[in-house]
């Protein structure tokens, strides 16, 4: 395979966007075309077959200029006026009720496909169409709260994006200091876990030899990372984020590293919410790292516990709780400003916090029987294992506010991912190390005596 | 936009295919997994969520090695065992019958989606998955005649490919003598209209300054052109293919050309039959040519008339025909071997043939009211106009056999494409030049007297 | 020509550097090889023919680790021990004195070539050799003051670099916000005219639509720009740098620009001092801009006048001067702090300064009859014309210190470059606009009366 | 390092060639410029400094159109009129005679440099200048026989090319079936050892998994390989070329190969004759292969013996010869047509031929004390060892005519290359295996009895 030939293919994709602007058939004046809703109707008509690119471009340009109310009107119109052919649905339903054969089901599926789907596919004909549709979904997500009928449109977009952003079409790329600046600035913008404080901070995260960063890209959105993960190479499982990000730390020679720590993973496109990439990215990056640095033995995260403080406050105030009354009393120390800097408090509070964290991760459950913590749901759902509780891992204001400083490590052991995932998916079971499990038993003897 | 950065993205796509082989989690032995049908079940289960890439790769490798009977069994299994959740369909049908709201229709559509679709999407996770699925559809098309239940699977694949091969994701590339040889040999292989007789012939079609060739590619199938078109730059509308392909012709300086002649357009992937690219390709190439050579004024095809001989033979033998008895008698001259080399015959037969051709294109209709000629359906459906009848345009054995040597030119006038297309799509109207229309009137006076 | 194929060629160049490290024949231990001087002798011997890459790499690695004294010793050794074959020189001299034929001169040239030249060419075999030699010349330039015998080595390096960095091998590249960060940071580092104050300032200079930046690169030094030029698109010839660099200025639509202003040109490699690129870069960029923006009519610089303050101070203090006593008295106002902010002073001083500037550029001459101002020598030598005197064009501390704020514009009119250059090269003539010439005549009437 | 950024650098090189045509300053009409000789004078004058690109382009275009006589006149003019500054040479000679210091020698070298060198360097400013100069040297080499004064110009060109085509600037690229066709056809054209019989034969040499081909390229001549080598992967040292090139042979899995056989190495540019690349290419390819296929243990050639038949014929007819009278009598069998197909002859002749070959390689020497065989001089000069004599290795007409079918293998053992090369360079010693050495002793006892 001639890689450069392929590479030029993609270059062409992007060029097209700029070049085509102003080209192509413009057989009808804008006035003649009517408003954006009429254009949408055109696009799924015979006209759209002949002049799809031009009409799609026009719709996208106009949509971009709409105010919120007009957007609601346009989007609602898509829901109301671009459903399926009602008669065909009715016929398909009758046929299926008579004989629910595979062919009848297939016809039912097809008949019930709203014309919106074809409309959305044709909007993609425009240069920059894919990104425009991702942004349109951002709007839908924003507006859906007030306009519940848009939920149907959201389903259509998710359906489409599931096909288009199939992991088979995504490309993983290493991000480093030789990456174009316009990509790098998006890392600064999108970093969701540990904020990047300008170019010097960014550089510290991607240039040193013991740092890695990878992102998924889609060929159609080449300047837009979809998701990225930041990694530190270390010699053991770290228990706090501060030392990893310290400006004055001394880099490790990559050959000496034994552990890759995924300390931040951030989605970039709100409009792709719910289209899952993270699991694939982590697994592929584990593969890449193993290839480059075969001596690596351990792949872990250093993760926040975003729901811990809220849960713990609940427990502290609840009538009944799995936490003992004395433990709950100890936790009042958390209300003292600067508690995390006070050695005496830390010593008293640590075993209680570790025990509480174990209960939070292993026992606290949502109505659907899943862990309360959203980050836990993500990593456990990927087949990772809860490996370690990091008491006082993140003393940033956010870290203290959302989790009283607590962090955790999830371990990605590729040999056990499938097994863990199945147990989790089938039974909601939380894979956890024996050390974490042991924390469930609160041996209070010694301390109670004190 | 940094084009090279994007370009490298795509290079990565292709590298992935080779690199990933042998990598990734292999948590279960093949034996433990069971047969290919069991693997397919795994792929849509929770196991598939965790180990999708590995299972997909395994299925594709095994499928490749199956014999015809085993393929039928596997593919039929997909139809029978990977339908939708029956109960959910039943509920959705009931809900819809109660209240056919957009939400109910949406749910009906989703409920009726066979799990096959998800299975196919997950097969795409494997390196090379897209191409494997295109090849799988080739099998389905081949087998469908004997196994009509596979029709449902074909519908699923078409649905998927319509999303994946959306024109917004395709890339047009010029093919020339600096194109990699492994791509070029595919042109030799796939050329469907005027056979390419080896490398020297190929070179004559793509290297001279007055020749162009363009193809559509998909990022995931970068070594595989999807469709390509061959173009000659000329100073007028040509009426025969021979001079265009002559080995000893003298090339024209591109700046002197006024006309671009699309003389061959060939699909490459049987497995993408029905996913329409040709219309887009022609229009985009017209754009590219206009940009490079602004002096071009005319964009025409030089096209075969593949159904003409069969239709004409019918008319000649029919009880009644729009062709006059005397004309039909004249046409008996076509039965003489070498008629096309005989000046006297040619002179007598030409007006009759031109008249017959006009009737063939303008009046002969299929049951659905479309032109009988498949090539005409394609170009007229694209919004082109039948511009010229070329009596004795192709004297190759195939040209004589299928059309008594007749060829035609379709004109692509971007200003009128939409209008033509609509008239065609709505009413089956054939856009034709006045010269062609005039041929309908057979003024036989002078000749009858002779 | 298949551009991507070529492109990959170059990619290979860079890969080679990293890949080859550690590869290749290592037939002798370092100890056996002896010291760096012995290695240099090896490199030009038969050993060097067989193992040139390995020896060259070793020399470069060791050279890098030397202290200043050791470097002097090594470099002086190159001068003393790697001259030409003395006997061959003597024979060639005799032959030439007997018969100064072209063949005799040719032999004289070759015989007198020091073996150093071959040594330097072989050092280039090492990965990264070219850059190492550029850095070695930096050392030579630094050390030459104290070690005049190194001058000979400098001549050798210049001779070699003149061949290697022949403009035919250089590549002009646009620099913009999608350029890799590791290139961009070099702009911040090397900008020599108007300092770039961090990433935000850099971005203001390369991202807006009315800004351009171009650099020359050499294939072997791909991460290292050789020289770059910064350009502002404007609607007229600007007379001050401040507004061009203002953080809050409003960008101009490129299509509305009539003028391209080269406001900064900076060399990046001290080791390439004296190898002239600037003239070529400006002319090529003019070509590029004309192609992209055909409506541009004017190509000017906005340039500092680095020698003006020193010259003016001299004139003010000289016994006799072309400046009149009253003008020289007026110039005492320049000694008042903040003079450039005082409207009254400005009004009085402006005509005097403009007149003085005209004398500075048009009449003040070095011993060799060239303009005193080094920037003037560069642009006039390129064939540009002194177009406009900008009184108070640069009020930065540096601008005030070196030129009392004066700036000038040089006009690049491609039609007249050759003529201007010849007049300058032959006679030292300064091409200047009539407006500048007119300033030579100091009409003091009105003001003297006041 | 961002490889794609570098890659695009090079792409720009090639684009420049086409884009710049027609651009750039054209301040004087052709008529005004005078003839090509006058243009050459312009190019090294001040005009050339200002308008070098335009003048260089003009000279190259005109040179191309010259007839042979005009070329001789122009090239001779370069020799006669573009020598050095005679007075400066005279001064430098005097200074050197007074004090032959490094500075004086340096000045002698520089003073004696003909202005031709600068002229040639400036010709390189034109787009395509490097290739034009390579072609100019082809002319010089062709014409030099009749015009011995051109020898001096040849020396200038070689001097320049030695700098420009320094191995540090060359790029090795693998050639395979995904290489652009315009490159591949050059392999067919330039293959000098075993002719490539069209595209199918080419494909057999580069596409199978057990075949490799590598070439050196220069960034400025990206469509023009400089030299290429063809390699077969095998399980042992082959003794004949036929089986390697057989159309119906079964490819070997690369992993099973133990041996890489360099069976053809061809220079492509006659104009670069004497600029040595071959040695570097072989060594670098050995490195590449070792990296890709670490199990390879043996790197040998399968080489022709182009001088063997001529030498042997001499010996057979000479008064005295190291070959015994009876052996020489046996060799008369070589005069029988088809001898190489006759088992009986083969058996009788083989030991004599092997013995003669040993004498040819180990003892026959040129006047300068080097091996008579030019291919032997190349490989032994590279430090390879004569490993094996292949009796009847090449029965092609050429193989029989030049060497009575004899071929040999040279072994590249990177550990011993330096040692072998030095022994060869210092003493003309032929490194040979003990098996080859043993052939020198002709044990005729058994056979003489027969």
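A few remarks follow.
Here the chain labels run A, B, C and D in written order, and each chain numbers its own residues starting at 1.
Note that contacts are C-beta pairs under 8 Å (C-beta built on N, C-alpha and C of every residue); 3 or more make two chains touch, one makes a residue touch a chain.
Predicted, not measured: the structure shown is a model, and the values here were computed from it.
Same-residue interface: subunit C and subunit D share over half of the residue numbers found at their contact. Using the mean of the Cα atoms as each chain's centre, the chain most removed from subunit A is D.
Taking the mean of the C-alpha atoms as each chain's centre, subunit B and subunit D sit 49 Å apart.
In this assembly, the C-alpha centroid of subunit A lies 58 Å from the C-alpha centroid of subunit D.
Inter-chain spacing, taken between the CA centroids of subunit C and subunit D, is 39 Å.
Counting partner chains per residue, subunit D has residues 1-5, 7-8, 178-180, 182-183, 223 touching two or more of them. Those residues of subunit A whose C-beta lies close enough to touch subunit B in the complex are 1-16, 18-20, 23-25, 27-28, 46-47, 49-53, 79-80, 83-84, 86, 89, 93, 96-97, 100, 102-103, 105-106, 108-110, 112-114, 121, 124-126, 129-130, 149, 151-152, 155-156, 159-160, 162-164, 166-169, 171-173, 179-180, 182-183, 217, 219-220, 222-223, 279, 283, 287, 290-291, 382-383, 414-422, 425-426. Interface residues of subunit B, counted against subunit D in their complex, comprise 2-5, 7-8, 177-184, 198-199, 203, 223.
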